[in-house]
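Each chain carries a letter (A, B, C, D, E, F, G and H) given by its place in the written order, and its residues are counted from 1.
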Amino acid sequence: AGASLDLDRSARCGFPEVVYGEGKTAETIIEIFQRQRAAGQSCLATRVDAEKGAVVAAEFADAHYNPVGRTVRLGHAKEKSKGKVGLITAGSSDLPVAEEARETLLWMNVDVTTIHDVGVAGPHRLPERIGEFADCDAVIVVAGMEGALPSVVGGYLACPVIATPTSVGYGASFGGVAALLGMLNSCASNVTVVNIDAGFRAAYNAGIIATRRRR
Amino acid sequence: AGASLDLDRSARCGFPEVVYGEGKTAETIIEIFQRQRAAGQSCLATRVDAEKGAVVAAEFADAHYNPVGRTVRLGHAKEKSKGKVGLITAGSSDLPVAEEARETLLWMNVDVTTIHDVGVAGPHRLPERIGEFADCDAVIVVAGMEGALPSVVGGYLACPVIATPTSVGYGASFGGVAALLGMLNSCASNVTVVNIDAGFRAAYNAGIIATRRRR
Amino acid sequence: AGASLDLDRSARCGFPEVVYGEGKTAETIIEIFQRQRAAGQSCLATRVDAEKGAVVAAEFADAHYNPVGRTVRLGHAKEKSKGKVGLITAGSSDLPVAEEARETLLWMNVDVTTIHDVGVAGPHRLPERIGEFADCDAVIVVAGMEGALPSVVGGYLACPVIATPTSVGYGASFGGVAALLGMLNSCASNVTVVNIDAGFRAAYNAGIIATRRRR
Amino acid sequence: AGASLDLDRSARCGFPEVVYGEGKTAETIIEIFQRQRAAGQSCLATRVDAEKGAVVAAEFADAHYNPVGRTVRLGHAKEKSKGKVGLITAGSSDLPVAEEARETLLWMNVDVTTIHDVGVAGPHRLPERIGEFADCDAVIVVAGMEGALPSVVGGYLACPVIATPTSVGYGASFGGVAALLGMLNSCASNVTVVNIDAGFRAAYNAGIIATRRRR
Amino acid sequence: AGASLDLDRSARCGFPEVVYGEGKTAETIIEIFQRQRAAGQSCLATRVDAEKGAVVAAEFADAHYNPVGRTVRLGHAKEKSKGKVGLITAGSSDLPVAEEARETLLWMNVDVTTIHDVGVAGPHRLPERIGEFADCDAVIVVAGMEGALPSVVGGYLACPVIATPTSVGYGASFGGVAALLGMLNSCASNVTVVNIDAGFRAAYNAGIIATRRRR
Amino acid sequence: AGASLDLDRSARCGFPEVVYGEGKTAETIIEIFQRQRAAGQSCLATRVDAEKGAVVAAEFADAHYNPVGRTVRLGHAKEKSKGKVGLITAGSSDLPVAEEARETLLWMNVDVTTIHDVGVAGPHRLPERIGEFADCDAVIVVAGMEGALPSVVGGYLACPVIATPTSVGYGASFGGVAALLGMLNSCASNVTVVNIDAGFRAAYNAGIIATRRRR
Amino acid sequence: AGASLDLDRSARCGFPEVVYGEGKTAETIIEIFQRQRAAGQSCLATRVDAEKGAVVAAEFADAHYNPVGRTVRLGHAKEKSKGKVGLITAGSSDLPVAEEARETLLWMNVDVTTIHDVGVAGPHRLPERIGEFADCDAVIVVAGMEGALPSVVGGYLACPVIATPTSVGYGASFGGVAALLGMLNSCASNVTVVNIDAGFRAAYNAGIIATRRRR
Amino acid sequence: AGASLDLDRSARCGFPEVVYGEGKTAETIIEIFQRQRAAGQSCLATRVDAEKGAVVAAEFADAHYNPVGRTVRLGHAKEKSKGKVGLITAGSSDLPVAEEARETLLWMNVDVTTIHDVGVAGPHRLPERIGEFADCDAVIVVAGMEGALPSVVGGYLACPVIATPTSVGYGASFGGVAALLGMLNSCASNVTVVNIDAGFRAAYNAGIIATRRRR
C-alpha cells in the first residue's frame, strides 16, 4: 500500500530501482525485495538503520548489512567485474558516505579502489598515491568541511570525477553546504557534483560510466 | 603578466586548458591562444562578449565567434567524430548556456544531437523524441525555473545525465538556485549536476565520458 | 484561557476553524471541540501526536484518529458528496502529508481519488493513470525532494493544481525548501503553492474550489 | 528556431500557451503569435518592454500593449463574461503586477473588480469595501513589504484567495522574499501562493477557478 | 568564576542586569542573585527550565517561578505601578514568549493589559477590543507564522508598538524568520522589532518607555 | 488613480501619512501633498531622487528638498520643540540614512542632537561625548558593516535606543544583513531594531516616544 | 583503518597534527596518540565528550581531560614559555570555546592571560582591564550573539586579534552566523576570523604568531 | 563635516587610519590626507575609482594611484624594509584584490613576494614554487570560486596564512560566499579569514605580524 514499484526501470535504465529506506518500515523493504526477486532483479536498500537492517537481513539468506554505510544488499559478489571506480575520502569521518558508495558499486558488480583520509591539509599524501587511479573509469571524491579535494584530484586525472560533499564539519560548514558550494565552483573541468551525503548517487553515476565503457 | 598557463594539462588530463574570458582583456586571450598554438594545442575561450570576441577573431584566420554562446574557438571541424552527446533544453531562454556547451563539444570533436524547448509543462513533447537519444554516450539537460527536466530525461535513459541549471527565471528562482536545488535533489539515479549556467563544465564532462568510451 | 475561538468563521468563510494541535494540550483540544459542538459545528484537529490523539478520541464517541496523518476528526461520513478532488504523491514517504489532506477533505465532505508513488523518475507511471483525474475539480500534488511532479501533472490537466512541498529528502533538500522553490517556479500555469508539509492548507483550498463549484 | 510551441495545450488545458517575453526578440514573439492565430488561438505575451511592445503591436491591427503591466494582448473584449475575479493591492507600487494580472483575466474573458492601496497599516479601509467582493469566484491579493494583506482578506471571505508577493520594498524585504514567506505562513486557511511578481500566474489560477465554476 | 557581574548597570541604565539562564547552572544563578540582593538590586532570571527553576526557587523565600515563561523573579508586587503596557498575542502557542514579557514587566513594576489569540485570520476580533489599549504607553505584539498582527495593531494606535516574532510555525516559517521579516517590513510607521522569541527584550523596551514617561 | 490616501491617520495615530516616494511620479507626490494640505496636514515625502525633488519643490513655496536624505518637507520649523532625540552614526557613509531620520524628526517638531563617525574601532571617541545624550528621550544609532555601535551606546544610556542598520559595507555585509543581525542580537537590553536603511522608521519611533513623553 | 596520519606535519608546519575527536572512537584516538608518541610528538585531541575522554585518559599516565573544553592533552606543562596570548570572552556561555583555545595554547607551550564576561553592554569593564594585554603577541576574542567585542578590543590594541564567533545566542543568531558576520565586517583593521566555535583554530594561529615572534 | 578622524590611532595601534574611499568625495579624501600629513602620518586610501583617484593624485606631488588595486598612496618607498609577506593568487581575475593588498604592504614598508594563477586545478604549479615563501613572516592567499588554495598553501608552510576570498566566479559562487565558506572550513590549522575582497584587511594583518616580529 502506498508504493508503485517501478519494475520496468531495469529494462529502461540498465539497473533496477534501489530502495530508499528512510521512513519505510522493515516490512515494506522486505516486501519490495520479494517483488524484485520474483522479477529476477538484484536488490539494494540504503539509509537502513541497524534495527531495521537486522529484521531485513534475517529474512534473506544472502543478505549483507553494512553497519557503517547503512545498506542492505542481497546476493554474493559476481565473478567477472565490469569496470573500475576509484573512491577517495578527505577525512576518516567521511567513511559512512564512502561505504554507501562502495556497497552500491559492489551491487553494480564494479571494482573499487580506495584511499582514505588524504585531505588537502597534508598535500603530499595524495600525489604519492594518485598513480593507483590511473586506469579508473571514474573517481568518486568524498569530502566535508571545505570540500577542496575533488579539485585537486581532478587536476591530476583525465577521467570524470564525481564530487560528493558530506555533512562532516561544524559551524559555517552548514551541514555540508560549504563543501557543496566548493565543489560546484571547482576550477577543475572534469568535476560534476551530487547532493550532500549522496554516496549512492555518486556511485550509481560512476558505476554506469564504468559499466557502459567496458561493455 | 599575472597568468601561469597550465600547458601540461593536455598531457595530464587529455584536453588543454580552456580560457575563462570574464575579466580578461582581448589582448590577454590572444596571448594565451598564441602560446597554446605554439605548443600545438587546440584553443577555446568562454565568457567572451561581442566586443572582445571581434578583436580576438580578427587575429586568427580560423577563429569562430559564437555570439549566443559567447565563445571563441580556433580551428575547423575534424573529420572523424569521437562519441555522441545529447543536448536538451527546457525553454528557448536556455539557449545561451546550451550554445556554450555545444561549442565545447565541437572543440572536443564530439557529435551533438539537440532538441530545444521541451520543458515539463508540455509533457507529451519529450517522449515523442526521446528515442533520438538512445545511442548517446551522455546527455546534457539545460533548464532554469524549477529545473525538473533532468529527472524526467533521467527516468527514460540509461546513460549519464549532466544536469545544468540556468539563471533563467524570476522571483523565487533566485538566479538559478531553485533549478540547482531541484537537480541536486533529483529522484533519478543517473543525474549529476554542475554550477548554474556552466555550459562549458557540463559539456566537458559529457565529452570525456563520450571520448573515453569510444576510444 | 489563552484561546479566542473564532466561532463566527463558519458563517463568514463556509467552514469552522480547524484546531492546530501543535503546542496545545489534549485538554485544550477537547475544550475547543466541546465549544464547537455546542455551536453545531463540525470538528477537526491537525498535528496531534498519538498520545494526545488517544486522550481526545476517548472523550468523543464518534472520534476518528488517523495515526499517519496525525488528525482527529469527529463525526461520520456524510451521504451525499460535494465535489471531487484528486490526490497524487511522488513517493511513499509523502504519505503523512497526503493523509492530513485526505482527512481534511473527508471533514469537508468531498470525494478523494488517490494515487501514490508516481514520481517523475518513473515517467511512464503517471500518463497511464492520469485519466482517472479528468473530472476532478482540483488536484493536490504532494512531493518532496525536487518537487517536479506538480509541473508534470499541471501539464496534463485543465483544473487547478495545488502543489504541496514536503520535508522529505536530505542534504540540499533543506527540509523541503528545494521542493517549495521548484513548485513556486513551476512552468505549468495552473499551479499554486502552499507551505511545506501543509496538507491541511492544500486540502482546504482544493475543497472550497470543489464545493463552491458543485453548489 | 529554438522554440517547440505547445499548440496542443489549448485542447489539453483549456487555454493556449502564453508567451513569456523576457529574453525573446520582438520577431520571435510575432512569429509565435502568427502560428497561434493560424491555429485559431487567442494571444497574450507578458514581460514585454515598451520598445519590443511597440514592434509587436505594429504588426497586428487588434494588438493592445499595456505599458504598466508590460503585456501585449491580441483581440477585442468578448461580449459575455465568464466568471468574476477580485483584485486587491496593498500599495500603489504594486500596480505593475496587478496590471499583468488584469490583462491576463481580460484575455481569459473574466470580469475583474479592483481596489488599490488598502494595505493593513490603514486597517479601516478594507472592511469598508470588502462587500464588493462577496460574489467573486476567487480574489487575487497583491502585496509587497510584509505581505500581510492576503491573510486579512482571507479572514473576511469564503472564496479562494491567490496571494501574490511583489518585489516592492527595501532592505530586509529581499526582493519580495519577506512577502512570499508571510503569505506561505498565512494563518488564513483559504490562501495559496504564487511566485514573486507572478501576476500572470495568479490571474491564470483565479481565472480557471472562475470559468470552470460558471461553465 | 567566569562571570563579571555588571553591578553598576542599575545606576547607569535604570534597571539592574537580568540573568540569561541558558547554559548557566542553578548554582551560578543563585550566586548572582545573592550578589545582586547584597547590592540592594531586584532579581530576574530568564530561560530557566523547570528543574533549575525549582533549585533556585528553593533558595529564596520570595522567589516566583513561572513555568510557561520559564523565569524566576524575586520579590513581591510593588504597590504603586509606573506606566501601563499592552500585550497582544496572535495565537495561543505564542504564550511562552508573552509570559516571559509579562514577568519582565512585573519585575519593572509596570501594569500589563493582555489579550490572546487575536490573529489576523479572524479580523473582527481585534477591532472589538482595541479600545482597551488606548491609554497604554506602549504595546507589545507577539506573533509567529506570518507575523502580520503588529502592522494591524500599529495601524489602530498612536503609541510605540514593539513587534516580537516567535518561532511558532512550521515549514517556511524557518523558526521565526518569516515573522521577523514580516515585522521588519511592516508598513505601519510605529513598529520596531526585537529578536525572535525575545519576550524579555520587548518588555524591557516597552517598560522603559512607560516608566520614563510616567516619572 | 491607484492611491487610497489614509487621511484619517493623523487623528488615529497622531501624525499624518508620510509619502514613500519610490516608484511614484513627481505628479503623484504633488497631488498627495495638495490633498494633505487641503486637510490641514503637514507633508513629508521620503525616497525622492534629485530630479523628482526639484519638480515637487518647484510647486510649493515652503518646500525643502534634502539632497543627502532624499526627502521633501513642506513648512517652516515650528517655534516650540517637543522632545529631544539623539542621532549617532558609526561612519560618514551612514549620513544619507541619518539625514532621512533628521528630516523626519524636524517634520515631527522634535529637537535633534547629532554626532557622526564614532564607530567602535576608535573606542575612545564615544565615551568622550556620550554626556551630550544624557537628557535625550530616545537615541537613534545608525551603523553599517558589523553594526556594533548600538550595543555600546545602549550600555551607556538608560533611554530607548533605536538601532538602524545601513547597507554600507561590502562582501559579507550582504547589503546590511550583517548589521541587522548584529543589532537583533545586541546584548544591550534597551535596543530595538528597524529595517535596513530605514531612517524614517527609526525617527518616527524615536519621535513618538519623545513627543508623547513631553506632552 | 581509515586514517592516514600526517606524521610529517611537525617537520613541515612546526606542530604535529591535532586529532579532531568528533566521530572517532576512543580506540581510534588512543591508537593515533600511540603512533604520535612513538614518533616523539606531543598529543592533543579536541571535541572529545566526557565518556570517550575517560577511556582515553585511562590509557595514558600523563593525560589531562578538560571537561569544559572537551579536550585530551598528554604531557606536563613545560618550564620555559614561548610567547604570550590574551584570551577574552564576551559572556560566561562562551567558556567552552575559550577552554578549547586555552588547552591548545598550553599544548603549544604558550602563556595565556584571560578575562571573561566583558561584553560590550557593560562598556566600562573592558577599558579598565585592557592594559593587561599590552604585551601580548596576539589576542583571541571569543563572542556569540552580535559578536561586537573583537572590534572594540581591536580598537585598543596594536597586535593581531583573532575573532572567534560562538554559537551562543538564540533566534536570529542562527547558531553563530550573526557573530561570524559581525566579525568579518569588523571596522577594526587588525581582526581576522575563524569558523564558529573554532577555539582550536583561533589558538593555533595566535600560538604560531607568538612562538615565531619569540623564537 | 561628518568625519571624526581617529588621529590617535597611530599611537594606539601602530599605524594611522586608512581612508575607505567608497562613498567619499575626492574632496573629503584630500581633506583627510591633509589633516593626516599635518599630524606627520602616512596616507593611504582604498576603493578609489579612476576618476576620484586622478583628482586626489593631482593634489599631492608624491601621490601614487594604482588603477588595478584602486588605491592612492602618498610618499616614496622607504629604504629599510620591515618584514616579508608572501602573496599568492589562484587565478588572474583575483589581481585587483591582490593589488590592494600589495599597496597596503608597501604603505606599511613591508617586502612582498608574489606568484599569480596557481589555483588547485593545476596542482603541480604550487609545489614547484612554494620554496620561495619559506622565510615569509605570513602569507596571503587570494582566491575566488571554490577558495581551496589557502588549505593547500597552509599544508606546506609553518607561518600564518591569511585567506582572502574574492567575488570572482559565477552562479553558486554567490559573489564570494562559496570561497568564504571554503576558507572558514579549511582543514589546515594555520588559516584565518577576512571578508570577501578584503585585500586591505588581509595585508594589514599580515603586515603587523611581520613588522612586530622583525622589530
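As a working rule, a residue touches a chain if its C-beta (ideal position, glycine included) is under 8 Å from a C-beta of that chain, and two chains touch if they have at least 3 such contacts.
Remember, predicted model here, so these are calculated numbers, not experimental data.
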item	value
Chain pair repeating A-H, as identified from C-E, F-G or E-G when over half of the contact pairs by residue number coincide	F-G
C-E compared against D-E, more contacting pairs	D-E
Separation of chain B from chain C, taking each centre as the mean of its C-alpha atoms, in whole Å	42
Inter-chain centre distance, chain D versus chain F - centres from mean C-alpha coordinates, in Å	36
Per-residue multi-chain contacts in chain E, two or more chains	91, 121-122, 155-156, 171-173, 177, 180, 184-185, 189, 195
Of all residues in chain E, those that touch chain C in their complex	91-93, 95, 115-118, 121-122, 124-125, 168, 170-173
Residue ranges of chain A touching chain B (in the complex, touch as defined)	12-15, 18, 137, 155-160, 162, 180, 184-185, 189-195, 200-201, 204-205, 208-209, 212-213
Contacting residues of chain E [partner chain D, same complex]	90-91, 119-123, 127, 145-148, 151-152, 154-156, 169, 171-174, 177-179, 181-189
Chain F partner contacts - residues on chain H that touch it in the complex	2-4, 6, 8-9, 17, 20, 22-24, 28, 165, 167, 175-177, 180, 195-198
